[in-house]
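Two complexes come next, and they have one chain in common, chain A, joined by chain B in the first and chain C in the second.
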Partner chain A sequence: MANGFFTDTSLCIGCKACEVACKQWNQLPDDGYHFTGMSYDNTLHLGASTWRHVSFIERPVALNGQDAGAFSWLMSSDVCKHCARAGCLENCPTGAIIRTEFGSVYVQPDICNGCGYCVAGCPFGVIDRSPDDGRAWKCTLCYDRQKDGMHPACAKACPTESIKFGEVEELKRVAKDRVEKLHQQGVTEAYLYGEDARSQPGTAGLNAFFLLLDRPEVYNLPPDPEVPTLKGSKSWISAGLAAIGVTALAFVSVVLGNRSEKESS
Partner chain B sequence: MAECHPVGFRWVMAAKERGATIIHVDPRFTRTSAVASMHVPIRAGTDIVFLGALISHVIKTESYFKEYVLAYTNASTLVTEEYKDTEDLDGLFSGWQEGKGQYETNSWSYEGSGTSGMHESHRVPESHAGRAADLEAEKVKAHAKDATLQHPRCVFQVLKRHFQRYTPEMVEECCGISREQFDKVTDALCRNSGRERTTTFCYAVGWTQHSAGVQFIRACSILQLLLGNVGRPGSGILALRGHATIQGSTDIPTLFNLLPGYIPMPAARTDTSLEKYVDNYTARSGWWTETPKYIVSLLKAWYGDAATADNGFCFAHLPRLTGDHSHMTTVVNMADGEVKGYFVMGENAVVGSPHTGLQRKGLRNLEWLVVRDFPMVETAEFWKDSPEHERGEVRAEDIATEVFFFPAATHTEKDGSFTQTQRIVQWHHSAIEPRGDCRSELHFTYHLGKRLKELYAGSADPKDRPIQDLVWDYPVHGEIEEPRAEAVLAEINGYTVADRKPVSSFTELQKDGSTVCGCWIYSGIYAGGINRAANRAPATDPNDPYHYGHNWGFAWPANRRILYNRASADPEGRPWSERKRLVWWDEAKQQWTGYDEPDFIKSRPPGYRAADDAQGLATISGDDPFLLQPDGKGWLFAPTGLQEGPLPTHYEPLESIVQNPLYGQQCNPVRFEYDRSDNQLARPFADPRFPYILTTYRLTEQHTSGAMSRWLSWLAELQPAMFCEISPELAEERGLQNGDWATISTARAEIEARVLVTERVRPIKLGRRWAHQIGLPYHWGNRGLVVGDSANELIAFSADPNVTIQESKAMTGDIRPGRRERRKVVAKQRVNNPDEALRDLPVAQKRPVGKHHVYGPLSRQGDQT
Partner chain C sequence: MSEKLPALNAVDDGRNIDPRLGALLGEAAQQTPLATKHDTELHAKTFGNVPSRQSWTSPTYYDHPMLHQPVWVWSIPAYFYVGGVAGVGAMLGAAAQLVAPEAMQSLVIRSRWVAMVGGAMSSALLIYDLGRPERFLHMLRVFRVRSPMNMGSWILTGFSSAAGAAAILPFGPRLFRPLANVCGVVAGVLGLGLSGYTGVLLSQTAVPLWHRSYKITPLLFLASGTAAAASFFEFFPLNEREASAVQRFGLVGKIVELAATLALEANAGRVERVGRPLKQGFSGFLWNGAKVLTIASALLSLLPGKSRPKRVAEGILGSAASACLRFGIYYAGKASARDPRASFEQQRASVAESASVDVA
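Take a look at the complex of A and B:
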């Protein structure tokens, strides 16, 4: 059994309650007070101190089922995807990153040594090292709250149920119904992102998946994410073969070189 | 709504998921527009044109709910022969008094009745009691009617004629809404109204903060009455209140001219005794015939055993109104040195109130100031640092105001209640003790009262009797001696004097002094000694058979969830439709019953008709769903209660970019202007110095003046700077770059803001010209984690004459690249504006100007949220 999030961006009103609830529960610092001039987004991306982040996308395209001219404003609350196959976890050399009993991917701060391998391992750019202590931080899927039978803070705070928390298999059913309903209502662009291994083999599916209304890139999500370790064995074999080849070549060249030296002498 | 009421908006999203059409009318494309089915951009301040055209459309196409309109509104009532409409007088109604700048309202009456006219004590528009009493209601029942709705003087025909020039073409020219979009709105609205379906309207300060704001809402109520969208499930007009308990602060008011429960504050000249007061504010018919019970029970709550029938229940102890003591008038009096002391509790006036420069001028002229808030807000430190300090106009050492700062407890640190938008009172329990010197308002007020009583205990001066007689004995608990909030709630609920048993409803209150009640409309909230506001069974609870949430909190009055719900049944008492069934007459049981608490006299049969000589509640007929009105009907035409006329009329904002396209009358003729050199206005229209429309608003991330959000890193980082929102077209026109600085100016002041260029703000097309609107959130000041200029620096003191609210949603201004001047500006001389005449027709120009409380009628301070 795994728990996760279904973030339905068609219900998001961009209130950022998830961002605030997350920071309050986890007592995270601010990211600095910077006016970005990028719509209503002043925290820009997920990072060591922002574990939920709401993006605002102003696009000169009408949304199906909406009468507002050639314009729409998409909002989406991004979060760690808790990938079924997590790049950060597989890259972690110290064993600090583990898969919990709730199916989530969790960084144990007392074990993390701040090597940063996980940062390179995440295809979504979610996990980040804190500038003060260098350790890696990201969403814990509110491990501590789940331990006490509570829902994660962001899902609890979401006023429109754009963020749904629950058992991943159940969420998938809800999500598929929702897409179907939206299609019936004329919002034909709605689709699920990362709901299973079939649609996203590079991560083997996401425990925190999304309903989107435009291409993933528009939401700053990779269209075809792949955890680097996925091709690890292939890479090791290739590297091995290459090493053998180079060794062989060196050996041959040395042997041949010796021989030609003898011949010339 | 998604921006400022995200939690309430969950129900809108739930409705949308079930297939509801959401239409969002707003100058800007906001978070609400983002999820709405339709966004209708409108020129700020022209909503009456839009709503008027909807009314006109509904009448012309006969899309109104005929049986409902005929039975439950005053459509068939005839108006006096003397009544003249704005159609006849180019934007004025009959009764305009040149010398006074007000209307004489007799001609607005029903034929055969008459209002008591300019009787000052009645002119408290938001007081239902005052308004109801204003109709000479002995004659109300007998007034002439025409059930065919054909008589040229019947309300329906008057209405039709009044709105005939509010056409889709006018909407296009005046509001900038295309014909195509208008048609889509009318189509959606009419399709979704009638027997089987209902439509609801939500509004907030986008409608109220205008020089004719009350009439915006009046226009909506006319439309909703025509469509049968009042008193039925999924119908109505929802006023979205701006803070957790702003509704509560009007019910048990912080307003200068109301007592708890919408009973008027007595006026000095007319309400000299309890008898006179009761006579002035007791209606001859309808529910306000009960006024004496409510005022006497209130006096008993305040003065206890000292209040006896012989001394008029200490009525003489109540303060009296001698004029307008609304917020803005008090502040100008302060600026003129006429006010010594000021309590500012939970408000950050120099950021959140209009014309912050004038607010600070007022504060500088006080002897003392008390500020209660969480952090040291700008209002507490106005003496130290302000734009005037920055410009070198004032120095801290020259300001003599003594400031007392009291740190406040938060809602998690105190017991109490919040009354929300739907009138539901919800209790909150203290989770922890307040830290340090932080205390609740209840604590502060109670202990201040205790000390005052001690101070005056030995006085023999009769003027000190009100303090001596005041009952002030709430039990306290804990180390800090916090008063028990539930004891206050019990008093609000009311009880019988003899045995202190809580009353179960306001129907048990008496006028002989045998009952006590702190606020009659809340009566029942503590019935049986149980705090009903603390009930927490949601609407989904299996024990809630109808799922109206009756066991969640307490909705005043009488835990009724939908007001005027008698109107959900037809005149015979049968539901208008099965789908919209709510309350009906049970013939077998001979009483009203249904899914909600019936808003009617429970045993009154639908067929009951009041006799001509009926008294008290017997005057309410079985088909009078609007039982607070003296005639029991919904008012399409308001014969009394409003200052600018019985029907909503479009007037341009005091500062506009265009001339009023409908009438020669440019602005609301009975508006209040504070005509002072420190409160200048631009030309009424087409001022070349101020070519753009400015409008102010709030963002989700910050809360009002920022006292609760700018000091909190998690919120401050989300909107860290004052900014203005402009269209790409305006950015190009003025050379403004996204992210750079801009300076925005009005006739009052200039501020600087970062520029956010966005397609969410669109130029609007008015006839053959394009107009630009500039959006300004107003959350910043010079204290806290994130700082910036306040948009309220730009706003004028001016007031809607009914509720004295400022016009902050539409004004004119200019924008230029770069930051504002920080040098001292030469004191502005009052510029006599040669174009002032353009503001009005010749007849209305002669209205007196000056300190408006000298001439203005009594009015209520509008709550600013």
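Take a look at the complex of A and C:
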């Protein structure tokens, strides 16, 4: 059994209640107060102290089924995807990052030694090192709340049910029905992002997947993410062949060096 | 300002939780906030964008980075260089020990000391980069084949132990000599692992430039390690047989290093944005500088003569080339991670490639 999120961006109104609920429940510190000038987004990106992030896209393009001229709003609450094959987890050299009994990916703060390899390993740019002591942090899918049988804080706070929490298989059914309904209503752009291994083989599917209304790039999501370790064995084979070559070269150099001297002396 | 606010702000931990009223028990309660966390320069840049006028032909999210750039500091590329010298040097020493232990005794001894000191320096450089250095032993609490960094930690541990034993044991009773020789060979084998795994380490990331080069980086790093180790031995007074072996070893290393450099560049350049940091900016300067230095060093080794000044000059050029290469690919990778279009275009290109394969 795996629990996850289905974030339906067609319902998001950009209220940022999820960001606030996440900050409050997890007692995350502020990120500093900055005005970015990028629409209503002053958080910019997921990071060590931002585990939910609402993006605001002002498109000079109409949304199908809407009648508002050449303009449309897209809002989306981004979160850790809790990938079925997680780059951070597979790269973690200490075993600090684990798969919990709820199918989520969790960083154990008492084990993490701040090596930073997970940061480079995440194809979505989610997990980040905190600047204070360099440990890595990200969304826990409210591991503590789930252990007490509660829903994650962001899903609980979402006023439009744009964020749905539940068992992944059940969420997939809900999501497919929703896409069908949107298509019937004329919003033909709607599609699911990362709902299973077939649509996103690089991650074997996301436990936190999305309904999007434009290309993934628009939301700062990768169009075809790949867990970096997927190419690990090929890279190791290349290293092995190169090592054999260096070994041969070392022996040839020593033998020839030894012999050439004998001939000249 | 209200009367109560100063009391709350006095706590000033970025949470506004009065510890008399609320317990800090949340998942992130251990985080200590810093005054400024965001890169203000980045904000100045994004502020210049008028969002709704963004070109909608190939939109991104305000061109804000999609990935977090690698958070490692200078000590990691420095470790790539030091580990390369120590690791491949140990293999050259092991070969000399097995083929000509008498004639090349000084090379064998020196390679063991280089390996031991280099191994210790490698550990120090890696621990320096950790957020929580006192937890460095956590690297060895699991054995995880899939994590190149975990494998690397085990390789480095084994290598340092074997190299240290090989260097120190000959000072002990005669009985220890065979054991020292066994350790020398073990250090040589693990040394190649040490020099090669770093290439795997870089490629097993989401950084577009590094990930794209997953087949070439291990070869590049081993070849660069070969050139760097040989260049380092050029600094030592060696007898003529040893000097001849070192020079041949280094020359082939430099040629393969150059070939791998060009191959990586050509492969990355197939998606222009991915290869761009190898051509532009500080990383491009280092990368191209490494090529020039490698060529200069290789040409110098091809000239006749084995005089001491010439060997030292070869060594300086070759060492600088390898160091520039490691720092160059490190900074180029960081730059490619900051460019969201590099990731997007690479992934779109590979989707198109695999689609055309499917059709064919």
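Simple rule for what comes next: the second predicted complex is superposed on the first by the 244 of 265 C-alpha atoms of A that agree within 3 Å, B and C clash if a C-alpha of one lies under 4 Å from a C-alpha of the other, contacts with A are read in each partner's own complex, and residues count from 1 in each chain.
Quick note on the criterion: a contact is a pair of C-beta atoms (placed from the backbone, for glycine too) under 8 Å apart; a residue touches a chain by one contact, two chains touch by 3 or more.
Owing to the predicted nature of the structure, the values given are computational and were not obtained by experimental measurement.
Of the two partner chains placed by superposition, only chain C is touched by A:229; chain B is not. Of the two partner chains placed by the overlay, only chain C lies in contact with A:219; chain B stays clear of it.
In the superposition on chain A, contact of A:135 is made with chain C only, not with chain B.
By the touch criterion stated above, A:44 is placed in contact with chain C alone, chain B being left untouched.
By the touch criterion defined above, A:11 reaches chain B but does not reach chain C. Of the two partner chains, both chain B and chain C are touched by A:71. Of the two partner chains placed around the shared chain by superposition, chain B and chain C are both touched by A:32. When the shared chain is aligned, chain C comes close enough to touch A:254, but chain B does not. Touching more residues of chain A than its counterpart among chain B and chain C is C.
Of the two partner chains placed by the overlay, chain B and chain C both lie in contact with A:58. When both complexes are aligned on chain A by C-alpha atoms, chain A residues 29-32, 34-37, 39, 58, 60, 71 touch chain B in the first and chain C in the second.
The touching residues of chain A, counted against chain C in their complex, run 25-32, 34-39, 44-45, 47-49, 51, 55, 57-61, 71, 87, 90-96, 109, 111-117, 119-125, 127-135, 137, 140, 143-144, 214-215, 217-226, 228-229, 231-232, 234-236, 238-243, 245-247, 249-258, 260-261. Touching chain B in their complex are the following residues of chain A: 10-11, 13-17, 19-20, 23-24, 29-37, 39-40, 42-43, 58, 60, 65-69, 71-75, 159-161, 181, 185.
Of all the residues in chain C, the ones that touch chain A in their complex are 13-15, 17, 24-38, 40, 43, 46-49, 51-54, 56, 58-62, 64-68, 70-72, 88, 91-92, 94-96, 98-100, 103-104, 129-133, 135-136, 138-139, 141-142, 144, 146-150, 152-153, 188, 192-193, 195-197, 199-201, 203-207, 211, 214-219, 222-223, 225-226, 240-246, 248-249, 252-253, 256, 337, 340, 343-344, 347-348, 350-351.
The touching residues of chain B, when paired with chain A in their complex, are 2, 6-7, 9-10, 13, 17, 19, 29, 31-39, 181, 184, 699-701, 713-721, 723, 738-739, 754-760, 762, 785-786.
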